[in-house]
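If you scroll down you'll find the structure; I have some questions about it.
Labels for the chains are A, B and C, by order of writing; each one numbers its residues from 1.
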Amino acid sequence: MRRRAWGWTAVTAALVAALLGPLYWAVLSSLTPEPRLFAAPGLVPRALVLTHYRALFEDHDFWVPVANSLIVAGTTTVVSVVLGALCAYATARLRFRGKAPILAFVLAVSMFPQIAIVSPLYMVLRAAGLLNTYPGLVLPYLSFAMPLTIWLLDGYFRQLPLDLEEAALVDGAGRLRTLKEIVLPLAWPGLATTAILTFLYSWNEFLFALSFTLGPERYTVPVAIALFRGQYQVPWGQILAGAVVATVPVAAVVMVAQRRITAGLTSGAVKG
Amino acid sequence: MAAIELRRVTKAFANGGLAVEEVTLDVADGELLVILGPSGSGKSTVLRLMAGLEEPTAGQILIGGRDVTGDPPQSRDLAMVFQSYALYPHKTVRENLEFGLRMRRLDAAQVVARVDRTASLLGIDTLLDRKPAQLSGGQRQRVALGRALVREPQAFLLDEPLSNLDPVLRVSTRAELGLLHQRLRTTTVYVTHDQEEAMTLGTRIAVMRDGRLEQLAPPLEVFRRPANVFVARFVGSPAMNVWRCAWTQTADGMRLVSPAFALAAGTVAIPQPPSGQLDVGIRPHDVELTPAGAGDVDGVVEVVERLGSATIVHVQAGGPGAELVRAAIAADVPIAARERVGLRLRPDRLHCFDDRTGQRLS
Amino acid sequence: MSPASAPPPAPASWRRHEARLAWAFVLPALGLVATVAVFPIAWTVWESLHLHDLRMPWLGRPFVGVANYVEAAGDRRLWSAVGHTGLFAVLTVSLELTGGLVLALGLDRLRRAAGLVRTAVLLPWALPTVVAALIWRFIFESPAGLATAMATRAGLEAPTWFADAVAAWVPLVLADVWKTTPFVAILLLAGLQAIDPALSEAAAVDGAGPWRRFTGITLPLLRPALLVACLFRTLDALRVFDLVYVMTGGGPGTATEPIALYTFSTLLQNLRFGFGAALSVLVFVAAFGLASLAIRVMGGDAFLERRS
């Protein structure tokens, strides 16, 4: 029995190493001076420098994409969680006709391939003068963020004990007060999880950001590092530094909230 | 305090079955009506219909003479104690008690006064700043009661309030509830599956089965004159013994003949059943043990249950496979398994029911 | 009991009131979704029936019916893209399901440091795809990337990965598998943990060995989770864009170009909006069709069971 446990531990350890290895390699390389980047690679760092990071922020103003990503992802998260929570509470608890079609509709929309709506969104945004603006990204982002928040929160609200809400009703509270004073305080773990997942997806989004921004002043982080072009050769050092910077907030969120994220992913069978 | 009235209320399930079927009952002002029934009988649904948490498919619900069938729970001025207590976990006991009052636009001083008064009445005034998670089961139950009491509503709805308590606490709390009702004279509807609670607390009992109201009467009447076989067996512990008998008329009077025994009715008038057969019941407390041969039927003692306060004897009479006859006798009577005994069934203690409908034959 | 505190007045019919409130809650969200998702889809479908080439604005935007679709049917590059997408889907999903299952089984048996391992496992999934693409591109850079170095050290001849139409798939598939195996593992782990351990224990007492227990109890009970994971990952594989754009740009040439990337090039680089719209609709229909089929096969209940 113990031998088998060791076998599994070894396999799991190997898989975890395989998962973390490339990240380690990327971080290591981002701290390696340019000439040595492709020299004989070793696991142990020999010389660590911050030149790439300095270049990233000083020469290339990497703060700008970081700020853009924060603003866009943050706004998307706030809007979609607030509106999604309202909608989800209705579908989860209020009695009215049309619940199932609404949820089916939301599920269907979440399956839309992004590419399919890029061109009309592009034309609409261009006509409205919203290309290369923050609203010009937040609005398209809502197309995937809203189905996500509605679906997750609907599932979450349904899990809350119904008799608490019924007790509040019998006590004389209307639906709004019940939502505000009883449901939302109890639902905040679910709201937090939903917000975290929405933020992650928004931070990582690429296609819309690529299509709807026109210049470096509005690029988000994924676009900025993807479009990084050196003068003569691919500046891998800086690209990797940018990748690490893009990863830091994500890693921080994951480390703090890994339990919540796991719960959120499995509760609604969220699409990857 | 107003009365509650249900007029031919029906509630259908989503799949078409009926949770509540044509129930008509009334709750008099100040009485404690117990709705008694097994699980699935629709008793909780009736309560929820009164509260407005469910909408009837047909029928009317009136509170204080006013038709509230279309009204939401918020406006019915009832207070409900849920089986799970449903205390707001993120609020303190005080906040739980205050919640319903805040909707009424009382001023702060009045709210505090009422909360304090109710808390001391229930003995929870020391717990006001705690949260429900920090309370014991019995304490939570009192807070749930307090939340209802503090609102001084038109009526109280209690959904199996004692079922989560351990047996000892259950009996003592039951007595307290009875006392509370006597003091406050509040109109109360009390749902339970425990017939002991029903008998001890109820001003009247409404017995329900499969969504239908079987009998609505004061406890003693339900006990002494059950309306049908179901009520007869459900109320009273141990359950009534019931046999199918043939009714015959002889020169000495009426006789009841079953596979196990033949019983002369003597002077007791037993109505002639239309089919010639009827179901006859007798409560275990009315079955007397006699020496073998001296009673109406002989049998062999199978099980002796000594409760301390009484003894229940299960006797095999009427052939193998027949249901054991239950007899309740005094605690100190010496009796053992495998003894042969006689059972005497007093004709004046018999209950007669129609063999097809189960309804009482008077 | 004093009637000093009167209850709030009762509205005429509270069912209707509640329904109105519900729609008030629902409409902002639905309205937004309709505006940013449904309306564009409808527009795309309409657009696909027109000739709309922004490089030739003098042609206007005439209605051409299904001409774009006819062209698509005969478009070699499209069929290649379909093949690439299918290949990518098959490879990645099969590897992710297998790897995810093994990882889930391993995680299930973890007693200590579960949180730490979970964090480690989640990191690749949480990264922007762009970052994953760049990291793996870096590893597979020729001539001196890590992959080439390791291959050489192992005595193998390493191809110029990204210049080789076949070899370019290796880093692509590896990167996607690396990034999403954790997600599959998490899904399957939840499924595993939902299985009553008493079942396996009973089987063990009855004499079933570990493999038998796995195939006879674990796998069948895990089937719903496996199907869900398979469905979602296949849908995502069909829609793959970020990874390929950043890693190979579809190259060398168009050797690794999936449908989404071809559509993107057509739209935003060749500016052929009408034709690109037709391609978009085809992608949409494929994704939607697959999802509906899968939901029907698995029973719509799997998704909607908890919903009223």
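Everything below uses one rule, namely that a residue touches a chain if its C-beta (ideal position, glycine included) is under 8 Å from a C-beta of that chain, and two chains touch if they have at least 3 such contacts.
Everything quoted here is computed from the prediction, not taken from an experiment.
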Where the centre means the average of the CA atoms, what chain is farthest from chain C? B
Of the chain pairs A-B and A-C, which one is connected by the greater count of C-beta contacts? A-C
If you average the CA atoms of chain A and of chain B, how many Å lie between those two points? 56
Report the inter-centroid distance (CA atoms only) between chain A and chain C in whole Å. 15
Touching at least two other chains at once: which residues of chain C meet that condition? 7-8, 15, 18
Going through chain A residue by residue, note those that touch at least 2 other chains and give them in order. 172
If a residue has to touch 2 or more other chains to count, which residues of chain B qualify? 72, 74-77, 103-104
Footprint of chain A on chain C - complex, ascending: 7-8, 15, 18-19, 21-23, 25-26, 28-30, 32-33, 35-41, 43-44, 47, 99, 102-103, 105-107, 109-110, 115, 117-131, 133-136, 138-139, 141, 144-146, 149, 178, 180-184, 186-187, 189-190, 210, 228, 232-233, 235-236, 238-239, 241-242, 245-246, 260, 263-264, 267-268, 273, 276-277, 280-281, 283-284, 287-288, 291, 303-304, 306-308
Touching residues (chain side chain C, partner chain B) in the complex: 1-2, 5-15, 17-18
Enumerate the contact residues on chain A facing chain B in the complex. 161, 163-164, 166-174, 177, 181-182, 185-186
Sort out for me which residues of chain A touch chain C in the complex. 4-5, 8-9, 11-12, 15-16, 18-20, 22-23, 25-26, 29, 38-41, 83-84, 86-87, 89-91, 94-97, 99-100, 102-109, 111-124, 139-140, 142-143, 146-147, 150, 154-155, 158, 172, 175-176, 200, 203-207, 210-211, 221-223, 225-226, 236, 239-240, 243, 246-247, 250-251, 253-255, 258-259, 261-262, 265-266, 269, 271-272
The answer for chain B against chain C in the complex is residues 1, 55, 68, 70-72, 74-77, 101, 103-106, 152-153, 184, 186
